[in-house]
């Protein structure tokens, strides 16, 4: 079943035509990785899907419904979550407070003005569960700005998971992570239940090939090809434009 | 060229570096590896003067760097590619480069903006765009270009390959090797062990603010135990 | 003294309302006095037709609510200084309009004569007024307190920290900002309405830049990002203004030096200063007694 | 402001001290009036050893910056906290109105309206508790309208501050000017706080008038006078000022010879030949090192009225004082004979037409004409409002 | 043009350096007061102008070193600190120069007026206009021909990084701050013969220059220049047709512009 469908998406910044008629379909439960050279338009594509940037033209469907005209916070309500390429967190708050805010985004009582935050047990529980799952419980009272880079990346992902999404867009989740953290991260990502769909931008090929079951190559703003990891690996042209030969040596 | 002795650095009250010792000789490239939070960036910052070590000495070309301000250190010939790019969003791409351009004090190789543009043609194309209108990888290129234009004698690179596509990493690798040939000394922090081992003459592994291993790249690549324990590979 | 305390209470309500949008919503309004002034004018003008305090205060709240709705809608799109200047602009326009309203006194202001009566007797004495303001102060204080600790308040604060991220978490920033703005607006209107019971006089000066700046100052010196801080700031400001000014002509000088001192001591305001002293004191106490008081202090800090 | 004075010097402790409170514009646009009044009051009590009869006097000055809201706050503070026996205040009309209303309602203290010029304070809004020592708009502008038509020119342009007193002055001037054969070509309104008058000045230039009548109190006034000269208007138009701005020492100090040949009206003139004035000018100059203007004399006479009425009433009870004032009070002041008219609570006084001149490098005002014993009409003459 | 003279300094300190300097108006009129005192003591206009600017620059240096440099980056602190300064300076000025309106005499060189197509232009005003253009030129030069403007913008983004590039950001920031204050001081002295000085004037100056800088867009001298023209025209026409509401028009104009372009006419869109 197609969960996310992008149809003929175009995006220009003034005279720069960045995305040129992108078409992508993502099925439910898929681990869909988007790769492509720097500046191909991957982040821009995410921004357009999520509504952070307005599209120039084209359509975006989520579960069959068009969503390209609704504000981005409503897309979260409809089941989308995302992380940012550059850490985008509440630096002055603790890890726990960050997570709570995130969880609350989908709760009905988020507009409640009178009942103190501490009194919501479900909130506390969910927060606790998430932190446990992602092995961050120990760090829960630390201010985010004092976390190491890798930890902050992790928190990015926790936040996007907290909104209880059906589909998550992850923008270079492992960039800046050490191999240790990266492999832990891959392990944790693999634990994400199957019903949650993941769309991931990644440059680290190990990560790409250990997670992906579908890969889209974005080049100069067009989706050159969408195929299984094996096909991508075997494609000569892609080898050239993206891997520049040799980089795949240890696969 | 540069020598750190028993450097102890703090953020506020938290003690991050517990007596780091390391040395980079002239024309040498040293790679600094370690897990997230090991203190790699802190080491870089201690050298660049962005963090002032409370104890220890840092000798650079016979000058003591501890206690000097970042601008002095930079003027003394230290260039920095910071972690997270840190390009200036309110400057255009060109201005981001212009601001760094200066004459080298000793090395004969002089980088110019044109050369940087040749290295990364996309920067030329985006010349008039603001710093934050670049893609992540393009910003990384800009940060590298900016550091080269300082024409330093000693270059600090904090995860230069972060967020770059494999082709570009390959390119960066070549750049580093080229630059090395001009006699520039470097300290590189990397997560990409392949890249690090390819360019470095020596590798240092940091853990919890202490140097836990030091040796040749080849040794490291063949020491599975080490790779597993400290780098998780 | 009673007379002064009454004034302090009114301004405390006013300052707390501004403190809400400034300290929790990141919206520095230089035009908050517009809402106060509107509340005051509403009560003053309507008092010709009715003496029912519920109606009058209700109307004050309603009018300022409507005004916040309109101005908020426009101003919320901007941030920082831009927000500041837009709110100032609204206030200045009101200032000019009220100065020209010949019918309601224009520049000369407009005297009203009214006594509070909540249905159990007229409040004529000063002390009575004091209790009345005190009641409203306590009421608004607890309402605000509830608000900032409740989800909506926390979200508002998150919004101030990092709006982009909040959007990506599914929050609509405008809703929350508007919400806070309306609450603050109606509270300021209420404060304005109450003020008339004390002064029995309104004039366009209520809409002047000075008025706007003064409340802002109260919030600042009291301590931003807290509820009680601005109230404390209002108290300190009114008190000092009255007392220093009877002692010396150099009141602005002293006030100015006070600000500079607050900033240089690197504390957010009087409240923070007090907390600092308290924590410090307790630490000393602890070190001498070795008692587990640390937690206690923490709790207090968070409560504010 | 500070509470100064007090009869400690006498030390005999006879009688409780009399507390006098003042709310004046000591800062802001109207500070030049407030300062003058304050100096006048202080001078009077200094001459009288800070005593009324044999009771010591305590003075409280509060600043209202020309804002009625603040003035009312001061009023409450002074009457409730300090419990003063007599109040002086009202540097501008709007404050006078606010104070009058409050006094009429509370009936707590008698008030001397020091400068406030609102006409209706003598008519519909008159209160037994508030007595004027300065002048009303009509009082000044009326005389000037007559004088200008008869002596200066028949065609005039009016420029006035866009606030109550400005509108009153423009109305009263125009009506009297027309009655005596003058013609008003245009009336321009400048909001208070105008700093650049060039657009007004270019409008004035389009009229072929003999004179410009201005009423622009505050800091704007001197600025206008200066720009009037700067733009070369002084050559072609006589400048007539209805607010005693021109001759204020502060104006002269600020704009220098730009006031030369300008006319103004005042109920006081430094050069008046009478004993009281000589002493007054001497004392004042000794104390403040400058010459007094009509705001100083207002302060001085305010103190005089307070002192006289308390002594005459023999008490500080509000009721007694009001009765005394209502019975009529007259005395000789440095400004000439003065009589507080109970019909209007406004003084009957002399008006002096003054003209700026340069004499031996100094700028002085010369007395050109005197109108004796001008009084405020007891009823509103109902002039057509100037627009 | 007067408006531009008022706003030029602020457009540097606030627009470029992002320092919320509410004491801008105070620098402005303080310079006027100081020049007044010098010219009173017999000095000619030009000399007192230069001296006043020097005095204010030194003063700004002290303020910057002692106070402002401690609150970099925190807008709240800057506001509070500079408001404090406004009060202190205003009160000191009141103390020293009194509450009366004071004015600097027009320099003899320009003490005449020209008639031109039925309008009168005092020579001094023409001179002020010329100075305004000169200011614009200085700012243009500052921005286009020196790296300082660039460094300052970069410094506002990331001060640490700029110093890691080898610039002594602190000194540069102090220098630019003083430059801004000196511009304000120049403006203050130049407008002295036209506007004069009186207590509380600093607020008017501040509000006016804020409006100009905001309408023009932060960090853009072009914006400030054009905005001061626009505001000037609106003001003049407002005064002729609806005197009391002239100011209201300006505010409405500002709101309208910000509604269409939330960062002002020439402001950069920040992400």
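Going in written order, the chains are labelled A, B, C, D and E, and every chain counts its residues from 1.
Quick note on the criterion: a contact is a pair of C-beta atoms (placed from the backbone, for glycine too) under 8 Å apart; a residue touches a chain by one contact, two chains touch by 3 or more.
Chain identities (UniProt): A, B = ABC transporter ATP-binding protein; C, E = Branched-chain amino acid ABC transporter permease.
Not measured: the values here are computed from a predicted model.
Undergrad: What's the fewest number of moves from chain A to chain E, given that each move must go to a chain touching the current one?
TA: 2
Undergrad: Can you check which chain pair, C-D or A-C, has more C-beta pairs in contact?
TA: A-C
Undergrad: Which chain has its C-alpha centroid farthest away from the centroid of chain A?
TA: Ranked by distance of C-alpha centres from chain A, the top chain is D.
Undergrad: So how far apart, in whole Å, are chain A and chain B when each is placed at the average of its C-alpha atoms?
TA: Comparing mean C-alpha positions, chain B is 29 Å from chain A.
Undergrad: With chain centres taken as the means of their Cα atoms, state the distance from chain B to chain E in Å.
TA: 43
Undergrad: Quick one: chain A and chain D, Cα centre-to-centre, how many Å?
TA: Those two chain centres are 75 Å apart.
Undergrad: Just curious, how far off is chain E from chain C if you go by their C-alpha centres, in Å?
TA: Centre separation, chain C to chain E: 31 Å.
Undergrad: In chain C, which residues are in touch with two or more of the other chains?
TA: 99
Undergrad: Could you tell me which residues belong to chain B and also touch two or more other chains?
TA: 133
Undergrad: Can you list every touching chain pair?
TA: Every pair of chains meeting the touch criterion: A-B, A-C, B-E, C-D, C-E, D-E.
Undergrad: Could you please specify the touching residues of chain C with respect to chain A in the complex?
TA: Touching chain A: residues 146-147, 149-155, 158, 161-162, 164-173, 175, 179 of chain C.
Undergrad: Under the definition above, what is the set of chain B residues touching chain E in their complex?
TA: Answer in residue numbers: 48-50, 69-71, 73-75, 80, 82, 86, 88-91, 95-96, 98-100, 102, 130, 132-133, 146, 150.
Undergrad: Would you mind writing out the residues of chain B in touch with chain A in their complex?
TA: The contact residues of chain B facing chain A are 11, 14, 34-38, 41, 83-84, 122, 133-138, 140-141, 159, 162-171, 191, 193-194, 231-233.
Undergrad: For the complex, give me every residue of chain E touching chain B.
TA: 147, 150-151, 153-154, 156-158, 160-169, 219, 268, 270-271
Undergrad: Taking the complex as given, what residues does chain A use to touch chain B?
TA: Listed in rising order, the residues are 13, 35-44, 85-86, 146, 148-151, 172, 175-184, 203, 205, 241-248, 250.
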